[in-house]
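A single structure is presented below for examination.
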């Protein structure tokens, strides 16, 4: 059998299997791929995943078909003769072709990823304190965060602060008087601006179905965006190891209708008013300082606050 | 050595290795596993509230880390104070919990934990008075909290301002203390972790190392069974 | 020059006829320096350091409050390692030089006791490393079994939450430390001089030092468990590491110690390959394994200092209360992430390239063909090594650090698939129209190509920033790197052992048991780790002891497969013991019919390797030419006839 026959046969098997796998991947698996389609970012993340999958399946199948073919067709039973002739030469055209194909595929993947990152406003990843790919309305939301009574109306972007601490996420709603709660409730059809920070070690705020993941660093305001598209509940987990109860650091959140969100927020604001008064004013980050056993870098039981900046648990509450 | 001899030697060495592994697991890895659970399922008849009594001490005073802050639980059968934070509870049952708080307190890092959450009625009783929020910036502040994050339960335990606080556990009623009681309902079967949200591990960065990071001191699990 | 650079005058039974003073280490009998004195030195050192630390620091407020003296532990560990090195004799030569004395002569000790001593013979060190890395591997593997046991049930716990985190952390760190040296240490030290026609490594004392520091690192990292463990995973993120207890010292100092060994081994390897090649061993004739080890050595030498410095900063934060990593005091938690991953990503290729080199050696032998695109393969390895320094921030996509750099790091990360693709070009091209013999080493080599493909392709998903949002920090990435490191490097290492142990020990490994080993390892490896991709995509983060109830089926499947995978390693261990000791079968001089220079020496290899330095005549892959000239001119006598060894 000559060279072309081998290659033609392999190519035929490869093309058939690849098309079948891609069709299955796109139409059967694709719509169910994580993180789902609950938000604009989740939808884009899923789309990007599926497009990479379309490229990856033929690569996997190509190498497997080749290896399977080689193993079955070119095996030698006994001490074999040396292989001579064309097969023993380093075919330059094959080498050049291989390098060209991998280079084009790689550059294509990088270009596509960059495009997706930019058009999707950071794709739900934490962009740090100075985001560069922000959706419309995000800037106004960050300004509104310092007007405690500005509330939220449909069409506006909603700022939400995520505070990581060992071992729970709590959430502050700065435009509703800055109340803090363990519940994460979001309105549907709204741009959400997550401001993620930590009071101690590094955590990572991972709202799985929202397609949002942003590390919670102490002293850093890590901003991530998403736009809710569907009602329902979603899971929040910590995805950066933060100590003993890291595995138990989860809660479920909910996307509700705008009117349900407004009434929930107003009710919670009223219910928590007594405690909200004791919280420090809303700020992007807080310096962990005093604590129940009194303050200090390494707490020693003596009250020694060392910082005059915004302190969670400071003796200067909001009002 | 004969082939059989070598074979036997290998078997013996293998068994020695297995023994070493078992010993290592027993010596370094198992302490604090739920093997030593405090069983509250038999203390009350079905459907009746379960009583749990615990105390918080500034220094446990015994064991491997006598300086560490800790919870102690009262054994429902013997009445002795025991260092055990894994409790077996019946599902869908009201738990009546009494905490004797013997430790000092101060301002909370996050005043969110000064708010009573998830108890029946949304309140707790501190020294006979009903409270829903404790201002940690005044008085003795907050010493510890009892919180089960998965159930949304969190109760602040106000700190003792009397300077003659109990030095080593288990503490007795004669020492200054605050008595906090509250009720909550257990969910369906499963394990739920509970912890303190006051960074009270003295000597560790941000106060969350040591006793805060080790089961059987400031955190444990509720093993809720049918 | 003390060791076999020249052929020794005469040796018989370990005695030497020279009149020079023999080093204490090398004296025959028990009254010398060996493992026993090293253990004594380590214990005495630890106690001394611990006492000193208590004397200095027991009154410090944070020590009194926590009841745990990390300064005493740190000094104990430092003095313990110093005592270990002093006890084994690693410091004899430098101390003699420092004090202006004539260092004693170091001769080759004969007999089995040489494996317990500070040997400067590269073949002894290679075999010491084989045992060393296997010890690491098996202890790390046992911890993996414990992890999978805990994950059998989403809510019922076999270990407490803190113990589970400690087990996870210890497993990851031990395995990473092992993987840095698993090929460079055993196969690199043993084979590189033989492959390039040298009588020794460039710096035999540094070579021995790297091994004994490696063993010290093993003890330091395992001391973390009795010291209370550490809760940070192998990545050791600050400020969690600053908050942790004394077990953390085992991690920070352990990496510093292992780092010293890595730097020493890498530097020695690079100098040897560049300067000790025999006449005629031009760069275009250097075996592909040697190319891969050269690239690896460059990474070991250049990346590890960052890890060392990062570890020392961490130790200072914990003991002297500096604030390199604590934001509140002017430090930065990002500093650790940057330093760690600036080392950590090259580290990933330290754990990949040697595997590519091994399969590059195995394929031509079992296909009877020249290595396809040899030059492209060598260039690929160098390319991977260079690029690996420019990708570290892809671990920090979601960390909130400079978002404008993300497209760049996405590009550099994906560019790495081009040189990595060269390795596949080499492999697939060599298989083309080959005559494949399915011996055990070949099976492992083919398995690498199967496994690493999955690991590599999923790496492209991880490098894509939008997709990374979902897969970062979950079981998807965990499975990805197990596919590259375990599915790649470890399979290659196993193939390498089956391939070269006949040369190193003079005994064949049993093929029947080997087949059982291969097939159980290959099947259960894939059954263990493939489900983890799905588990990760369905939202399970890494290092958790509780997970969603609907993932129990997949987790249990993975756990049971993992136990069977663990069993496959028992088969391997049994094969080693059975074939090397219980029922040894003498290996032919060149059992695989290889053209490699390492197979042309006598069996067992004499201590000076070559009668005279060989003159290399051709590259080692000319399997296609029936009348090809010998790979090297080994001297008038042809093969050397060595004095019989044990």
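When the chains are written out, they are named A, B and C in that same order, and each has its own residue count from 1.
One rule holds in what follows: a contact is a pair of C-beta atoms (placed from the backbone, for glycine too) under 8 Å apart; a residue touches a chain by one contact, two chains touch by 3 or more.
Please read all numbers here as calculations on a predicted model, not as lab measurements.
J.: A-C or A-B: which has the larger count of contacting C-beta pairs?
T.: More C-beta contacts join the chains of A-C.
J.: In terms of CA centres, which chain lies closest to the overall middle?
T.: Central chain is C.
J.: From the C-alpha centre of chain B to that of chain C, how far is it in Å?
T.: The computed centroid separation for chain B versus chain C comes out at 42 Å.
J.: So what's the Cα centroid distance for chain A and chain B, whole Å?
T.: Spacing between the chain centres: roughly 34 Å.
J.: Using the touch definition from the top, which residues of chain B touch two or more other chains?
T.: 193, 201-206, 208, 213-215, 219
J.: Residues of chain A that touch two or more other chains: which are they?
T.: Counting only residues that touch two or more other chains, chain A contributes 200-201, 243-245, 248, 288, 297-301.
J.: Which chain C residues reach two or more other chains?
T.: Touching at least two other chains: 61-62, 65, 161-162, 231, 239, 243, 326, 546.
J.: Could you list, by residue number, the parts of chain A that touch chain C in their complex?
T.: 3, 6, 33-35, 41, 44-45, 48-49, 52, 56, 59-60, 63-64, 66-67, 70-71, 74-76, 79-85, 87-88, 90-91, 94-95, 98-99, 102-103, 105-107, 109-110, 113-114, 116-117, 120, 122-133, 196, 200-202, 204, 206, 208, 211-215, 217-220, 222-223, 235, 237-248, 287-288, 297-301, 307
J.: Can you list the chain C residues touching chain A in their complex?
T.: Chain C residues touching chain A: 61-62, 65, 161-162, 164-165, 231-233, 235, 237, 239-240, 243, 321, 326-329, 333-334, 367-370, 372-374, 376, 397-404, 406-407, 410-411, 414-415, 417-418, 421-422, 424-425, 428-429, 431-438, 446, 449-450, 453-454, 457, 460-461, 463-470, 472-474, 537-539, 541-548, 593, 623-626.
J.: Name, in rising order, each residue of chain C that touches chain B in their complex.
T.: Listed in rising order, the residues of chain C that touch chain B are 61-68, 142, 146, 155-163, 166-167, 225-226, 229, 231, 239, 242-245, 326, 546, 577, 581-583.
J.: Residue numbers of chain B touching chain C in their complex, please.
T.: Where chain B meets chain C, its residues are 3, 6-7, 10, 21, 24-25, 27-34, 65-68, 190-191, 193, 201-206, 208-210, 213-216, 219, 221.
J.: Sort out for me which residues of chain B touch chain A in the complex.
T.: Its residues touching chain A are 69, 103-112, 114-115, 117, 132-133, 135-137, 141-144, 147, 149-150, 152, 154, 159, 193, 195, 197-208, 212-215, 219.
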